[in-house]
């Protein structure tokens, strides 16, 4: 791993992560389908996870990879909750378009 | 000075006031009137005692207690009973007693009888405070106090709003003067560091020349403005004729004999100040003589018997100020005293006439009363002759002295004053002829009620008429008791030429007498021989109309002062207040409006929310990195 | 220690009143306020006997280091006496009126009195500020709940009043915070010792000024006043005008001027002109009011303008006279507002156009009203004259024009007051019957008149009481 | 550390209670247990220690804030007794979630490693997502939960990215290393970017402008008790965490970061207050009010000597006032569809005591003396003025004035209008919480040293 990292350079990993992260952000911003928004958030998190792993290798330190497990577990819990909410929304209004969620405003 | 007498003198009228106020209703009219009168008589007796016990050079001051404290001066509640105070007190309490006596009968049918006496007592109390206070703030207590009583008594018949207006006008006009007086007092206090008469006199005698004379002039002018207000001089005189709305005894006591002379008293008191500022003395003389003429001309065309007397009072007061202005204080005082006698008598006589005429005051509805009311007629005749200046009645002596002094001061002043005197003679006899001669012009109903007034009213008339006749004796040219009496205070011995009985003096006396007779003769020709009666108000035209309308001064004041102030008040109330109020609300409204707009931004869209999030994020990051 | 008992008495009294019953609440409150009055007289006697410790200190907050400091010098004592003198009268003024939920009302009245007394005696900036703010809350509720007139309009006005005064006091708080940063303490004496530069003083002065100008009020910060006076119940109006606005005036000489003397000196002419402008403006606006209470509110504006001018004139005479006039104004304004209350009780109106002809039916009331009216126009013999005379005199020593223009109050004041009196009281007998004063009402007027006249003739006790405090203030102005 | 374990254990026990059918005594038991934990927590006072490789650091900061959180949770649990009357079978779930939430909060102030921090903040957030959406059939509650979840996850992503960059820069998650790095001269640029990302994530959690948009919608839609939790416990926790992180990383921060804080603080106050003016829903109004309080609390970070004591005091004052207010809101809106101001009309007549509690709470939030909110503001002003930010203080003052405008709208409704609804019942827990909150508010208002002296 270390070799690959040295060849590619840590900066490129960072750029990749940032790119992925931004893709996630734009996904959240521009998509109205709640599932896609959720997936975009997952892309954001995974972009970070990627970077964690890269840094972990870069520093030759296992903490970063352990952290990835944390974050994956947390993300899973989050998604579980999110999907549960999504289901109940779908039951109530028959749609999962987030732009329909405008009852609370003003 | 015996303190107990002084206290009795001061407190008797106050006691009368309190008893009449709180117990008057229960006491009944007889007791109420008796207590009111008695209180003043007690004061009169006390004054007499003090007067008789007065020794030259003795301490005349009575300190009671400390009143006001300031950094560079303090004011005591103290009184001084020197020559000037006592002189004033004598006629205040003396005439006051007579008028109280008169009022018992005059006011007998009034339901607020006891109120009347309590007010009168209070008035006398304040008048005593005014003249016997030993410093200016105490004088000011009396000054405002008599103003208050004047207000209460002018508006005594409170159901009539016109009377209340007159009362209010009197009070407010007086307050304009009072403001001047106060400012004058302040300047004196700052300049001299004391407000005590004796202290002031000492100060001006020793350090008067060191003081910036501008300040002295301003102080004197301000004090004189105060005097103008109280003594109804130009331009603050218009309240006095209106004050005739009050019961006639009030007009006699307050608006003729006593209160209105307070201005003269004050100037005389502070003669040492006025002597230092000749320019202001000149102003006083000019104001005095103009007032004398101005008021006399208005008096020519008045048909209300009390209004005629009122303008006559203003005119006479003007003469007194002329005397003050030319520096002849004792002459002014002399005229104050004689005027008090004959004018009180005239007013009481007018009251008697009004009483007999079923409260009619218009002279056009009178006439021929001399047969029905002989005592009233004779006493009023004597007083009229006195005011006209006919030898040897009191008015002759005092008025003549004023003219003499004026002549020595400046001939134009003399000429104008003489003209005013001639006019006085004319309108006084116009009054007499219209009222007492010819045929009765009132209704039949009124005619059947005509009667001579009861003894309680005629006795004071007789006493006052007697005094009006012989009162001049106190200061006959050549051997003036008054001058000697006042000499310790006024130091008049320095100006002996004032009373020199030379040829000029005799000529002037003759001129004045002839003038008076001419005035009377014209009146006789007009109203007896030609039997003229002034026409209805609507028929009057030309200059007479201007005179009858008092030169439209009231209207002028109304449009120059009253209306603009009220307009301003409306403007403030409707525009400025609203504007200020909405300015404050404006902040609230603006915030609420921003809030309303802001609510549109919070539109519930997650997309927008996150968009702003990201924008904010970018702004912060870029600021943090770009700013470095 | 003694003064703390007074505060406790009022606070506990408020609690007792709240837990009494509606019917007895007014009597409980009256009892407590009378005891408070008696106790404050006892304090005065102790003060004269030299047995009253002037400063009291308890530890309170460690950081920021703020103590529970009280200071009971002559000036504070006088204000305390004014408060406790007026309090029983104010409470008594309501005894004959039936209020819904009376116990809360009287409890709030006592609570307010407690806070006002606290404001007068507190000598630590923060404690003072706390009392100052706490005094605001009861009057807010009193005016809001027991006020008169259209509820929506009243709400609007009362909220405006609260926010406005609260806004002002927050700036004072900033001033105090700033001072704390400089001095490390908010004890009055420490603040007096503080030597601030001119600019710093200006900042503090400005912060305080907003608070006081709104509270007093000075023009153009007065817009809350007339409306709140009009809407509040009589008791509230009396508390506001009789005591609460004195808090502002008192604070000017206790806190503002001595802490920022240089700024005060520099700004003196402007401040005096503001005060005098208030005199003229208030007097003129009062001329054309349709509601008696509003008229009196504007007259109050004029009076306090003059007092403020006297204080800001920075002369010993002005401050002394201003204090006396505060005392006098407190008495008189309670008197006139009570007179209005008496009328309103009988006629259920305050519109000048609907009144008139009362004199013919109620002689006692007419006299009482006349007395307070005349005292309000500072007739000699009343304590108001002593104050006004001194104020105008002190202004004349600074600049004659101050007293010439300011003195117009004696003309204009007479104009609007007498006009009001004439329209309300005089004229043909009113067709509606008007019962003359009851015993309680007579007693209230009698007590007011007695105090007004006594100190009008013999103001020396007040002078003696406040002289040391005034000297301290003057020394503070002249040394810095 | 023991505290954290005990809290988690209590959460588990609560779940077990449901199995044991002890639902009736669940709330009293939890309250007693929380009191016990509070005592346990207090034992750690003045005993600085670190556990598990510095994963958890217990110091006075964490102990005092944890104590505050425990007290707040106690209140919230007590209020829950009546709140879930319609779904009694879920009571234990909700109580347990609140207690887990507390464990997250405790972790957030006592972390010694960013991993613990991340776990804490996620435990707190996920609990709140669930609570917000817990009214399954209520579309508003759903919407609220969804919005919170989406935006919260977004923020979590940013926080995670921040953590990642910090890790990338220094190769450790340990706070001690981070503090060293913050003061050292040469450290990778990423470190700062990471710090900024972390800060922004937390600014989102405390709902500072411009990251505040979620707050009003979520507060309004969530069940009232959840709103109470968010506006008191969650907000103070996030702020304390932000404070702790900021303190750790403030080694040699550039001047510009202060400027940003000043601007954000002023903006939060102003936007929050102005927006609150025209709100009809009390929860929404309090959401905006909370935004403005976030702005005030941000002021604690401004200045040369930042003071945890001030933050603790402000947080305590704000939270107690919030608890007092929400206990009344819960009472008033128990059986109602919404929490509009009109529902509060006439409360002064029907329930004078609760009206009094709400009034005092609002006055406290407005910063009127003898209530704690006054001293809180005073200390803030004092601190900020000392560091020379007069303009910010003026903005704060103006905002305090605006705030009175909407707080008084509620007070006016209570005292000047007639009741529209019959209000029956005197639920014990609500009255008890209201009373205790009021007393605490007054006590620390009169004796602020009691709190400020805990953290010197």
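Labels A, B, C and D are assigned to the chains in the order they are written; within every chain, residues are numbered from 1.
We adopt the following convention: a residue touches a chain if its C-beta (ideal position, glycine included) is under 8 Å from a C-beta of that chain, and two chains touch if they have at least 3 such contacts.
Everything numeric here is computed off the predicted structure, so don't read it as measured data.
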| item | value |
| --- | --- |
| Most remote chain, CA-based centroid, reference being chain D | B |
| Mean-CA-position distance for chain D and chain A (Å) | 27 |
| Separation of chain B from chain C, taking each centre as the mean of its C-alpha atoms, in whole Å | 36 |
| Whole-Å gap separating chain A and chain B, where each centre is the average of the chain's CA atoms | 98 |
| Geometric centre distance via CA averages, chain D-chain C, whole Å | 43 |
| In chain A, residues with contacts to at least two other chains | 25, 28, 98, 101, 103-106 |
| Per-residue overlap in chain C, given as positions that touch at least 2 other chains | 163 |
| Chain D, residues touching no fewer than two other chains | 147, 150, 154, 216-217, 405 |
| Chains that touch, pairwise | A-B, A-D, B-C, B-D, C-D |
| Chain D residues touching chain A - in the complex, by the definition given at the top | 115, 118-119, 122, 125-126, 129-130, 133, 136-137, 139-140, 142-147, 149-150, 153-154, 156-157, 160-161, 163-165, 167-168, 171-173, 190, 216-218, 220-221, 279, 284 |
| Chain C to chain B touching residues, read off their complex | 160, 163-164, 220, 222-224, 226-227, 281, 284-289, 315-317, 320, 357, 359-360, 367, 374, 379-381, 385-386, 389-390, 392-394, 396-397, 400, 403-404, 407-408, 410-412, 414-415, 418-419, 422, 425-429, 457-460, 463 |
| Interfacial residue positions of chain B with respect to chain D in the complex | 588, 591-592, 594-596, 598-599, 602, 604, 606, 608-610, 612-613, 615-617, 620-621, 623-624, 627-628 |
| Contact set on chain A toward chain B in their complex | 25, 28-30, 32, 98-99, 101-106 |
| Touching residues on chain C, where the partner in the complex is chain D | 60-64, 126, 129-130, 133-134, 136-137, 141, 144-145, 151, 155, 159, 162-163, 166-167, 170-171, 173-174, 177-178, 180-181 |
